[in-house]
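I have a structure I would like to understand better, so I am pasting it below and will then ask my questions one at a time.
Chains: A, B, C, D, E and F, in written order; residue numbering restarts at 1 for each.
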């Protein structure tokens, strides 16, 4: 299962709910305002770090760049992908669930 | 100051942010999906109870009824108003701030 | 008392529109004046004359237009927000007018209370 | 691989629309097929032929229509959601068609992957 | 909700014999936005396609099936009654998450339809077994 | 953003001499939705009315003024640069809340404009002193 999340973790519960439902080995892709959740030193970083230990966490590069979040601020273990990488993830996982 | 909040406290941070910015004696009116925050026995009830002790907390009756939240489930100290009561609150307070 | 109202969302998708209308209606019923309702962001869709909700549902566009007619409420749609979203004179419902964002600031200055309804 | 895409929001107001478009474009670039994009909820506003964003901004409606033309993507607007929001044949942009919600379920059955973009 | 019952145009297609596991994930409260209502229209249409339909109510989505909703005072329709009609369309797999109920102080008695209350872990497993997941 | 500079139609009205304390409260992140951009258009227009304009950046709103935004990859415009032009319109009262910065791991160096960093309690007091508060 590939989970996509597009909401800021500071504003909404979408990421928290996604993390609570992602099983071991699932893939999670942070896009749009959810990319703020991929950065170090925030109040939600510990939760995302824990998720990155049991799931594969990805973040969409163009959305990071749009928001001025540089890749060196990313939580360890998170992989940056572009839109083509996003497509590859949906090919590798048979079902995609969007957390809006 | 009258603060209005229209978002569910389980989904978004609007109510939490409002409560953090409401000063002693301010009025807070919960409308639309924010009315869920006015009910007893939820994970946010303690925060709302604390707010009701230092601010005047109101809830919009038609929005409660729409959602099947009966008035006997309300947190103590919260007052139910209708749309005319909503108007009265805006007359009594010279500024209205919407937390969306 | 004179009220200005800012509506940030489109009809049906968000209750914000309904809350704004019910508030305005109650204010008028209590003898207050609603000077202007300003439709911004997706709020511009309230002014679309093609709105056609199922017959047993509320007809939001018509409700606004009736309020404007009966109580002299000035219904203003933001021109720039409307262009971006395809709301122009050719689809503008009766009772609404298109103008600039200055109309919002103006009513903020002139009204006794400024209300915002949005998502 | 065949993709179906559900778009829940209108143009400009939410990035969801742009994400859906960029995803579809990348999928096509990689040799996949986007069978159908279904516009539901406020997503119906993507099909409004009157959309006119500032010239230096992306023209979302045109981008969809070009994709449909060049790559045979079926752009379907939900009839019921469109009526509620004033999106009808008279304002439908070229490249889009109006049909029922069944078209969404159908592509969900036929496509290898079903994607949702929304708010 | 008469308009939701319009049948789609292409009869041959949905008589294809393919049966997928569909899940409609409801995470949003009713009335404050239209998502709950329009997802329900989607669910009703799906019945015409003979798919294996599942409804999940998590987060604020479970408020959609709370008893006693009366939106006349906000000028909206009480579409919650339509959930009671779902079994007439052979849509009977409704799941509510226990953790979300506890967070909201809700019990099974608060719901207007029969649902299966499952844990978050069970919900996660159920989601993993689906072919198509639609959310709003 | 040329269209935002169209002047409103009614010159006499806004030369009324009334000066109110306006606050634009920014709570939403940029790019994911249009609110940040369209609030900024509102702010620019307000400059023509000679009001006492305040901008508050709380919650995710402070992401609007983060340095280094480059939305070309998502096909959007970099309107964050416009914040730098605000002082040319005599809009210079920009406030960011310290607690929100800490929650997001942001420091004053991360912002592309000069702002006054204040505490949540100070922000609450500032809000209390306004005449008109607009939010999105």
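Worth pointing out:
Operating definition for what follows: contacts are C-beta pairs under 8 Å (C-beta built on N, C-alpha and C of every residue); 3 or more make two chains touch, one makes a residue touch a chain.
None of these values were measured; they are calculated from a predicted model.
Listed here as common contacts of chain A and chain D: E, F. Touch-path distance (fewest steps) from chain E to chain F is 2. In this assembly, the chain whose C-alpha centre lies farthest from chain B is D.
Of the two chain pairs examined here, B-C and D-E, it is D-E that is joined by more C-beta pairs in contact.
Separating the CA-averaged centres of chain A and chain C is a span of 38 Å.
If you average the CA atoms of chain B and of chain E, the two centres end up 28 Å from each other. With centres defined as mean CA coordinates, chain F is found 32 Å away from chain D. Multi-chain contact residues of chain B (touching two or more other chains): 6, 10-11, 13, 32-33, 62, 82, 94-96, 98, 100.
Multi-chain contact residues, meaning those touching two or more other chains, occur in chain F at positions 3, 27, 31-34, 59, 74, 76, 132-133, 135-136. Along chain C, residues 8, 12-13, 15, 19, 22, 41, 54, 83, 114, 116, 118-119 each make contact with two or more other chains. Taken as a contact graph, the chains fit none of the simple arrangements: neither line, ring, star nor complete graph.
Chains that are in contact with each other form these pairs: A-B, A-D, A-E, A-F, B-C, B-E, B-F, C-D, C-E, C-F, D-E, D-F.
Of all residues in chain F, those touching chain B in their complex are 25, 27, 58-59, 99, 120, 123-125, 127-128, 130-133, 135-136. Partner chain C is touched in their complex by these residues of chain F: 3-4, 6-10, 13-14, 16, 18, 20, 22, 34-35, 38, 41-42, 45-46, 48-49, 51, 132-136. Listing the residues of chain A that touch chain E in their complex gives 1, 13-14, 17, 20-23, 26, 94-100. By the touch criterion given at the top, residues 6, 8, 40-41, 79-81, 83, 99-106, 108-110, 114, 116, 118 of chain D touch chain E in their complex. Per the touch definition, chain C reaches chain E in the complex via residues 12-15, 18-19, 22, 54, 56-58, 119.
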